[in-house]
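I have a structure I would like to understand better, so I am pasting it below and will then ask my questions one at a time.
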C-alpha cells in the first residue's frame, strides 16, 4: 500500500506544486492591483467582484468545461493520460496544466483577498499616507515594507491551501481521470478499505506537518524577529 | 400599562427604535450587495417554490434520453429522459437547504463553543483553538470521505461534512467576537451586578455577535454549497432519485461529450448560487468595516 | 460592638503570571496590602497607571481572587454577593452600555438580576434616571444616540438603581472632557450624600478625587505611600510622589 | 467596473475562439485497409479488478473474464451458445446419465507440464466434495455425481439423474481445469497464482493497477499478440478518454449508454454484446412482510413497466426477459404483462393499497444501471399507488443485507443473475434448496423445486413442457421478478487492433476470442 500511495502521490504532488504556482502568482498580482486601486470606488467594486468570482467558481464547473473543451476541440492539452515528467515534459505539462488551473481558482481568490487586505493595512499607515500626499510613488518607496506585510499572511494561507491540495484534489483527479491520492481515497472509501483510507489520511497529515515546518522556516527568513522568538 | 417596566412604553409613545444600521439598510449604495440579494432571492425562490411553477415533474421519464436543450425541454433531458428544468430547480432547493441546515448546526455549535472558549480557562481555550486549527487545515474532501465512510452516502453525510468544514471558521469568528465583547465594560458591569454566564451570553454576547456571525454564515453557506457540490459529484452525497446540483453535475459528467449542457447548466447554476451568497456576505462585511 | 468594615482587604498579595507552563513570568502587583472601607465611606484611590489601583478595585468586587491574604465583605470572607449589593462604573463611555439595549433596559438590568418586583421596575428606572439628571424620554434611546456624559450618567443610574452597599468608580470620569467631568463628579458626590453607599473612586486625577472622596489613598507600585482625609490633599503634600501627582493635577 | 466587464467579456469570447479550433472528431480522417500483424502488445482497459482468482470459489464476473483468459474449460460455447470442444476434443454420452470426455493431446499448462486426466478428476472432486460442495456443484448434479479417470486422456462423469444443465455448465469460468498436481503438492496457491492452459500467462500484477500477460509458449491455441496489458480502469470516463487518446486499444463497458458516449471517437468499433445474464427485482418474501402475500408480489410484477426499463434504463440495448434469459435462441417468452388495473385491485384485495417499500441496489464504481432500473420501477409503481424508496448501498453492505443475512435485511433489491450457457441453469435461483444464497428471501416451495428439477431432467429442446411449467410457476410466484437482459459493450480502436467480439455471450467472457486480438497495420501510408 505504501508503494501505491507513493506512486499516486507523484501525480498529486505535481498537481499541488503546479496549482500552488498558479495560485500565488496571479493571486498576489491581483491582490496588489486590487489593494492599490481600492481608493477609487469604482475600481474597488470591480476588484471585489473579481475576487468574489474567483471564490465562487465551482471546481466541478470549470473542470467540466475544460474537459469538454479539451475532448471536443483540438487544443494543446490532454485528458486521461499522464506522461512522465522526466521522459516527456511537454506531454506531462499538457496533461497537468488544466487540472492545476482548476485547482488554483479558489486559492487565487483566497490569496487575492489576503493580499488586498495586507496592502490596505500598509497603505493606511500614517507615514505611508504622508508619502502618498507628498506625491511620491508609494509602491516603490515601501516595497520592502509592503512585501514583508504581505508575505506573512499569504504564506499562512498558502500553507493551508497546499495541504488542502495534497489531500483534496479528489474532484479534479476524478474529472480529469488522473490516478492521484484523491481518487485513491475515494476508491478506498467506496470499497471500505479502511487501511488504505488511514494510509492516505496519514500521508496527508505528514504532508501537512512538513509544509507547516517549511512555512515556519520561511517566516524566519521573511521576518527575522519571528525566527529569534522561535529559537528562544 | 400593567407590565411596561421591561417592555417599554406602548408603541405610539415610543420614539422610533433605531435598530443597528447595517441591518436596516443592508447594502447602502453597494450594487454588488443588491445584485447578490437579487440572485439569492431568485434562486431560493425557484428552489423552494418550484413545485408550484409550471416546470414539469422532476421524477417522470417523459422525453428522449440525454438530449440537449430544446423548445420542449428547455434545459434538455437526463439519462432517464427526465426534463432537466424541474430537476435543476429542485436541485437548487436541495443544495441551498442542505447547506443552510448544516450551517445552522455549525453556527449553533460554533457560537456555543466560541462563547465557552471565551469564558473557559486559558488551557481549555488553547485546546479548543488547537483542535480548531487542525480541523481547519484538514482537506475538505478528506473530511467528507471519512464522514461518508462512517455514515454511508446520503443527505446526513453531506450535512455532517459541511458542518465539519464550516465549523472551524465559525468557532474562530465566534471566539474572537466573544473574547472582544467579554472585555467590554458593560459585561463587567453585569457581572458585578450578579449576572451569571447564561444571562451574559443571552443578553450581551449573542446580540452583539449577531452581525459578525451572520456575515460568516453567508460565507459558510456558499462554502457549504461548494462542498455539497463536490461530495455529491463524487457520489458520496445526495442519492438518486433525489438530486442536488452537485449530483446533477456528477451524473452529467458521463455525457459531457454528448450533451455538455447536462453538466454545464447545473454547474453554472451552482456557481450562481455560490456567487449570490458570497456577494451578500462580501457586501455585509464591507459595510461592517466601514462602520 | 463596633460595626465591621464594609470591605476589608487583609494582608492581600496579588500577581499576574504570564507565559507558558515552562517559563512562567510572575509580575507582582500588590504585596501585603491592607485596606478598610467603612459603610458609607468614599475612598479615593490615586496613582499612576500600573500602580495597582484597578487590581484593588477588582479584588473589592470579588472579580479577582488574591494570591494570599483575605478579602472580607461586612466581616465575612468575600464570596458571591446577593445581586445588587455591589456595582461598578467603568471608564469607557463607548463600551459602558450594551449598544443593543435601550437605556431603560440597561438600567433595569441589575433590578432584573436582583429579581426586583416587575411592576415597580419601570418607576424605579425613571426615578433613578431623574436622579442622575436624565429626562424620562431618554428611557427608550439607544446608546448610539447619547453623548459621552449622558452615557456615563446612565452607567451611574444603572450602578445605583439597586441601592448597592458598595460601588466602584474605576476612572469613571477620566474619558470625559473637563466640563462634563465636573458635572459627573458633582452628581456622584450628591448621590453619595443621598444613598450613603460605600465606594472606591479610582482616578489618576487627584483634584477630582479630592473633591469627591472622604479619604484618599495614594498608591505607588502596589504599596500605599500616602494616606489621609481628603482636606489634607488641598495643601502641598509632604510625600514626594503625592506632590508629583498634585503638580500633575495643576494645583 | 470596467475590469469586471472585460473579464466577463473574455468568458463570452472563449467559445468564439474555440469555434476557430478544429473539432477533434473531424481530425484523423479515413483509414486504409487494415491487416492484422502478429506479435506486439495489445492493451485492454478492464472495468474492474479481478480479486477472486480461485476458479471453483470465484463468484465475481469481474474475475471470470480474466480467469477465462488464463485457464480453459473442458468445453466452451460458440457464438450461438452451442457447446463445442475445448480441452475435451470430443465426448460420448453412452447413457443419459453418463459422459465420457477425451482430452486434447496438445493441452499443456503454461509451465510446460501436459494436462492429464488426473487434473480434470481432481478439479471436479474439489467441486463435488460431499462435505463442502461448491455453489457450482448443483449445475452438474451435486455430490451424487462421480468423476473418474478411464485412462490418461479419458474422463468419465456419472450423474444420478439426467441433467440438461450439465454440458453447458462445464463451459463456465468456475469449471476451468486447474493444474491439480501442483496445487495438491502445495507448490501452488490458486487463490493468488494463476497457472492454466489458456493463451496467456501472468507475467506481473499490481493490485488495482495492471496485469501484464504474455503469450503462453505451450498454448494449444496460440494468441496473435505477444503481450496483453490490462490496466484496471474502474472509471468510465477514464476508459473513454483512454480509447480516445490511444493509451488503450480495447475496453469493456457495463453502461448500455457506451455506444452513445463513444460516438465522438473516430476509428472506434463498438459492439454491443448480448448476454444471458439478466436483471431481476428480488422481493423479500421471508418473514413478516407484505411480500409474504403472493397477491402483493403479483401486483408488483404487474405494475412494473419492463419495456420502459429496457427503453430508458438500458438505452434500447437489452431485451425484456422471462425466467429463461431472452438472450438464448428460442427462449420461453415471459408470461408477465404490465397491467396497472390488476395490480391495483390485487393490492386492494391484499389490504395494502398504499404499499411503501425500499429497494436497495449496489454502488459498483461507474455502474449506474441498477440505479436507473430502480428509478424506472419507482416511477411505474408510483402509478399504482406504491411508494418506493431507493437506496444505493456500498457493495459489501448490500451483500451482507441481501445475500448473507437470514432472513434478508431488506424489502427488495435490484440485482442481476448470471444465466451461464444453459437456458435452464438460472432456474435454480428460485429454489433455496438448489441455490443456498436464496434462503434469506426466497420462499421455500417444494413444489417449485420439484418443477425445476423436472425441467432440468426432461429430454428435448429448450422449450420442453416441463421447462414451460416451471417458468410459469416461477413467474406466478413472483418472488424474484425477471426484468431485462444485461448487455455488455466492447469497443476497440479499429485503426490499431483487430478483434473478434462475440455477439452473444453466456459466461461473462467479453474477451472470449482473446487469441484473435492482434495489432493492426493500417494501409494507405
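A, B, C and D are the chain letters, set down in written order, and residue numbers restart from 1 in every chain.
As a working rule, contacts are C-beta pairs under 8 Å (C-beta built on N, C-alpha and C of every residue); 3 or more make two chains touch, one makes a residue touch a chain.
This one's a predicted model, so the numbers in the text were calculated from it and none came from an experiment.
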Higher-contact pair (C-beta pairs counted), A-D versus B-C: B-C
Innermost chain by mean C-alpha position: B
Where chain B and chain D are represented by their mean Cα positions, the distance between them in whole Å: 46
Between chain C and chain A, distance of the C-alpha-averaged centres to the nearest whole Å: 54
Overlap residues in chain D, where contacts from two or more other chains coincide: 237, 264, 363, 394
Chain B, residues touching no fewer than two other chains: 253, 256-257
Shared-contact residues (touching 2 or more other chains) in chain C: none
Residue ranges of chain D touching chain A (in the complex, touch as defined): 1-4, 7, 18, 21-25, 27, 207-209, 234-235, 237-238, 241-242, 244-245, 247, 264, 363, 365, 394-396
Residue ranges of chain B touching chain A (in the complex, touch as defined): 30-32, 136-142, 145-146, 148-149, 222, 226, 229-230, 233-234, 236, 246, 249-250, 252-253, 256-257, 260, 263-264, 267-268, 270-271, 274-275, 278-279, 282, 286
Chain B - residues contacting chain D, complex: 59-61, 65-66, 79-81, 152-153, 235, 239-241, 251, 253-258
Footprint of chain B on chain A - complex, ascending: 45, 48-49, 51-53, 55-61, 64-65, 67-68, 71-72, 106, 159-160, 163-171, 174-175, 182, 185-186, 189, 192, 194, 197, 200-201, 204, 208
In the complex with chain C, residue positions of chain B that touch it: 2-6, 8-9, 14-15, 17-18, 20, 184-186, 188-195, 199, 203-204, 207-208
